[in-house]
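One structure is given here, and the rest of the page talks about it.
We call the chains A, B, C and D, going by the order they appear; numbering starts again at 1 in every chain.
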């Protein structure tokens, strides 16, 4: 890889991390100003995971995402406008407003969708890898899930099959230390990596705040998975800055402000990477600030667009229940 | 433990193994002569597992059993007569004929029941251990299941909780090399014991054809579990002599006659233990033969009794749907 | 009488029963310090400790199975399933194990267990957090199914459920947690299988479950303005179902609408309507009508979600048609 | 025409579709060399290899989830679920994922998947291997549900299911695997949502699903001897349901019995009966009657099991009552 290419890669990674953070800041604002329907789960703090991994993937590679899915969606190539439209339930959203934050999908970029069932996409990701195998495609699939999801039995069922059949899937456990209002130690016995290893799956624990480390390791594993050496398991140590969801504001009963401050001040993936870019002379402060501003402006414009956009027509309510029936509720004539 | 006591223990273990084998021989005959409704799964060959373990338990300790459950039932103390009645769907069966072979239970001896859902009793066993904990009882629960059941996600879910909460439960995996018509290697990646260890659970692989080895290890673990050092995991290497069920007769497409012969001739738990008893001077051949005959006679009598016994009255069909309603189908008066 | 929220009512019911019987415990995700995401259980862990208010990993099949085994061996678990939509995950333990154990054991083993969960759309929670899946469990013999329609009902039915020796599933409407209703300070229980005539009427019977009782009451208000007198009945438990009360009302009014928030097809409305049709056919002036949720996954967009569930206006409109004899033509 | 068994019919349908479309594969437990415990798939692995006839570990939620993901990304899985009773284990992947993906994605993702499973009691397999659970999935929008009643139906419906771009659940009656019926050599498909009038009749309509079609036909034979002319209808698919055909028959005969092997309460019979009552009410001379399986777990004992499901004699007896106008009194 040439220096030039690397530079582009680095800047794109930085840009994508900032795009995620900026997206989330806007989504949070929409919630706080009561402009967004329902609740949503912020990815802020975990950007290096989604970006480090997705930058190692091709557009044809697949991912499955989670309830905390905006980061994966942006990192896999989605556009702000369709994303905000989706979050607001508008017709121009990726899912015509039918999915919302917890089901946002972007099949044009290989994002098979967020999932509101914790662990619910583990089978789907494994199946996408199965497809690659059966149809002789070289796609690799990354399955994102949280530490909490390691408690779901489904994970062990599909890891077993993936291991037996050497499927090109990478299980990426985003260990942010909590599932909802509970610390990981209280709900996970033993070792998460060892659980994958027991199925004969190569597992790695990585610093999820270091986008370069995540990216380098993922690149290697993706190439190996393409060659049939998969599956692999990653445990990415990270942190969510917000509450479990946007409404989880008073959270000192389960974690301290000090702990949050420590992660934000000392381990922020964007700040870290930005300093490195500057130190290495890959980008100047001005350039970076300009990029940040541009992204902010993009986001603001997308939010405005989405706020003004149309809701789906009520006639859409029974469309897309089945592929071959325009209106599912139109009964056969009596 | 005095010599005397040991002798009694040894003879009881032998007797229980022979009782299981004899029970199964009769059940198989009932099937082959079309006197038994449905199918059933023979435990023959695996006797040392059930007996080695159950002889380490008190009557108040609990077990959960499987579709291949006659062995566990006998080993935990059940009587032939009620067992055969159950297998034949008779009113005097342990479950009044409502459960049959796959649901035989004997709560008077702490057998919470066979289960026709592979892995289906793993939660139940863990819950029984939870009860002991909550109510301050010293009961230990043993959860029996096959190698095939290790593919069920439920196992990992409950092992996680048992490990977190140090529940007095022993997971006993009867690895007989097959699940139905498939070899264990083809359906289990990695190492079964390592899967338990990954949750921080102490795991042991044991020769399941050696009743003394099974018993000695279980005694230790049961005592430790009573003290709060559980859970534990056992992988018992064993073999089923019959087909998957009584109707699985032509099975050379998945396993060879040679393999079956080798296990029967060289690793039979009853033959092995019998020789040892004689060698050690614990019992003479005559004594043993007499015991065998007595058990055979018991079984024959029980079979005859069961064949002649009554079916439940048809009015029982809607009894026991609910505890507090005699006839579930009796509608409120219209 | 004092007014408390449905949340508080459930909380009180649990606290009272846990004080009364030390075998009762609560198990589920974030039930202890967090008191559930809906905060229904706040304060219980402080009184009863973590041994009896047990936070689990995110392992619904696992803790449901554990509860079945615990119930079989002498405790009385109350399982907290955070969203009714997760019931799919525990169906095996609920329907193959809990529901059948008493029967399969010929009456020797019991499973005195309560599964607390919820239902209800219009919370902008999308397709996997908005379902009303009570019909699924009502279909399975061995389970009882309670559908509280107010704080009062929630308390009385929960206490009865906990004392029942069978597995009981209670569906709370998650949009009603903050709704207040008069609830006596003194202890009370509400028996299963006894429908509640919320309002007497002459012309038409509106049968509603859970929050649809309120929808029916609001519809009855609308109809009253037009001189139509609607009787509103809350079955309280759909298993057992108090047929007698429903039939008596149907025979009296000769016109019935059944309103339920589950999907309409192959759901609760068909059963209730059929039982009435079967047994009150010759008293009916018109077919029993059914109003369930639309047969579509619950859409996220507020523009779509709100039209998927029955509303007072919708119920009143159907009632007017029934009164006007319009169904004769509609049926052609 | 040649006669083949239902097993062979399913086997042929799969083989033909696998030859036609290389994206089709089969996944499940012991489907390859063993050809399933019912031997329905024998020979397929020899033709299509283990890459397309895939033996799995005993992990129903896992392989169901895998199939959903495979279907979303360009293959067409046929999932083999050994016993219909195990459907509880896969409900989340089936109902939260497969059924809702097309809708939640606003029409962008498809899940062209077939779940093959079975139903049927009286095989002495007890409560966890004898259930008929099709009502559960029929309640969930996004799924189609087919109920073949013969070898012919099984072949034609299976082929249609495999070509459908939606998740389809097919319930075969496990007691019918060896039943023969005429099945043409030439290719044919049976469209979904088109009921089959098995036998025309004047006096009463018997609607049966799956093997209950045979029960209805046998009942019709009994009734014919008494001069009662029964029309027998097989809806073939319960989702979509061909209301038009059912209604036309109900309007013609004015008397209807719906027979289904699922538990009666909150099941399939209530839905079909309700739709007829709603739309043919003024044509009916008597309430639509329902006959489902008893609302009890399936007992093992042969003495009990046989009385839990509808029989020709039972259906005929109810039909006679309907004809005699006895339901008027029964309704008091």
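Just so it is clear, contacts are C-beta pairs under 8 Å (C-beta built on N, C-alpha and C of every residue); 3 or more make two chains touch, one makes a residue touch a chain.
These figures come from a predicted structure and were not determined experimentally.
Taking B-C and A-C together, the chain pair joined by more C-beta contacts is B-C.
Of all the chains, the one whose CA centre sits at the greatest distance from that of chain B is A. Chain centres here are Cα averages; for chain A and chain B they lie 46 Å apart. In terms of their C-alpha centroids, the spacing between chain A and chain D amounts to 40 Å.
With centres set at the average Cα position, the gap from chain A to chain C is 36 Å.
Contacts with at least two other chains are made by residues 95-99, 103, 115, 117, 120, 151-154, 157, 160, 164, 186-188, 321, 328, 334 of chain A. Within chain C, contacts with two or more other chains are made by residues 56-57, 59, 61-62, 85-86, 89, 92, 96, 103-104, 126-128, 141-142, 279, 294-297, 299-300, 331. Taken in their complex, chain D has these residues touching chain A: 23, 25, 51-52, 56-57, 59, 61-75, 77, 92-93, 96-97, 101-110, 141-142, 144, 164-166, 193, 240-244, 247, 279. By the touch criterion given at the top, residues 37-39, 89-90, 95-103, 115-120, 148-149, 151-153, 179-182, 186-188, 253-254, 311-312, 314, 316-318, 321, 328-329, 334 of chain B touch chain D in their complex. Across the interface of their complex, chain C is touched by residues 85-89, 91-92, 94-96, 99-100, 103-104, 126-128, 135-136, 138-142, 238-239, 262-263, 265-271, 273-274, 277-284, 286-290, 294-297, 299-300, 327-328, 330-331 of chain D. Across the complex, chain C is touched by residues 62, 64, 93-99, 103, 105, 107, 112-113, 115, 117, 120-135, 139, 141, 153-154, 157-158, 160-161, 164, 319-325, 328, 331-334 of chain B.
Residues 29-30, 33-34, 37, 55-59, 61-62, 85-86, 89, 123-129, 294-297, 299-304, 307-308, 331-332 of chain C are the ones that touch chain A when the two sit in their complex.
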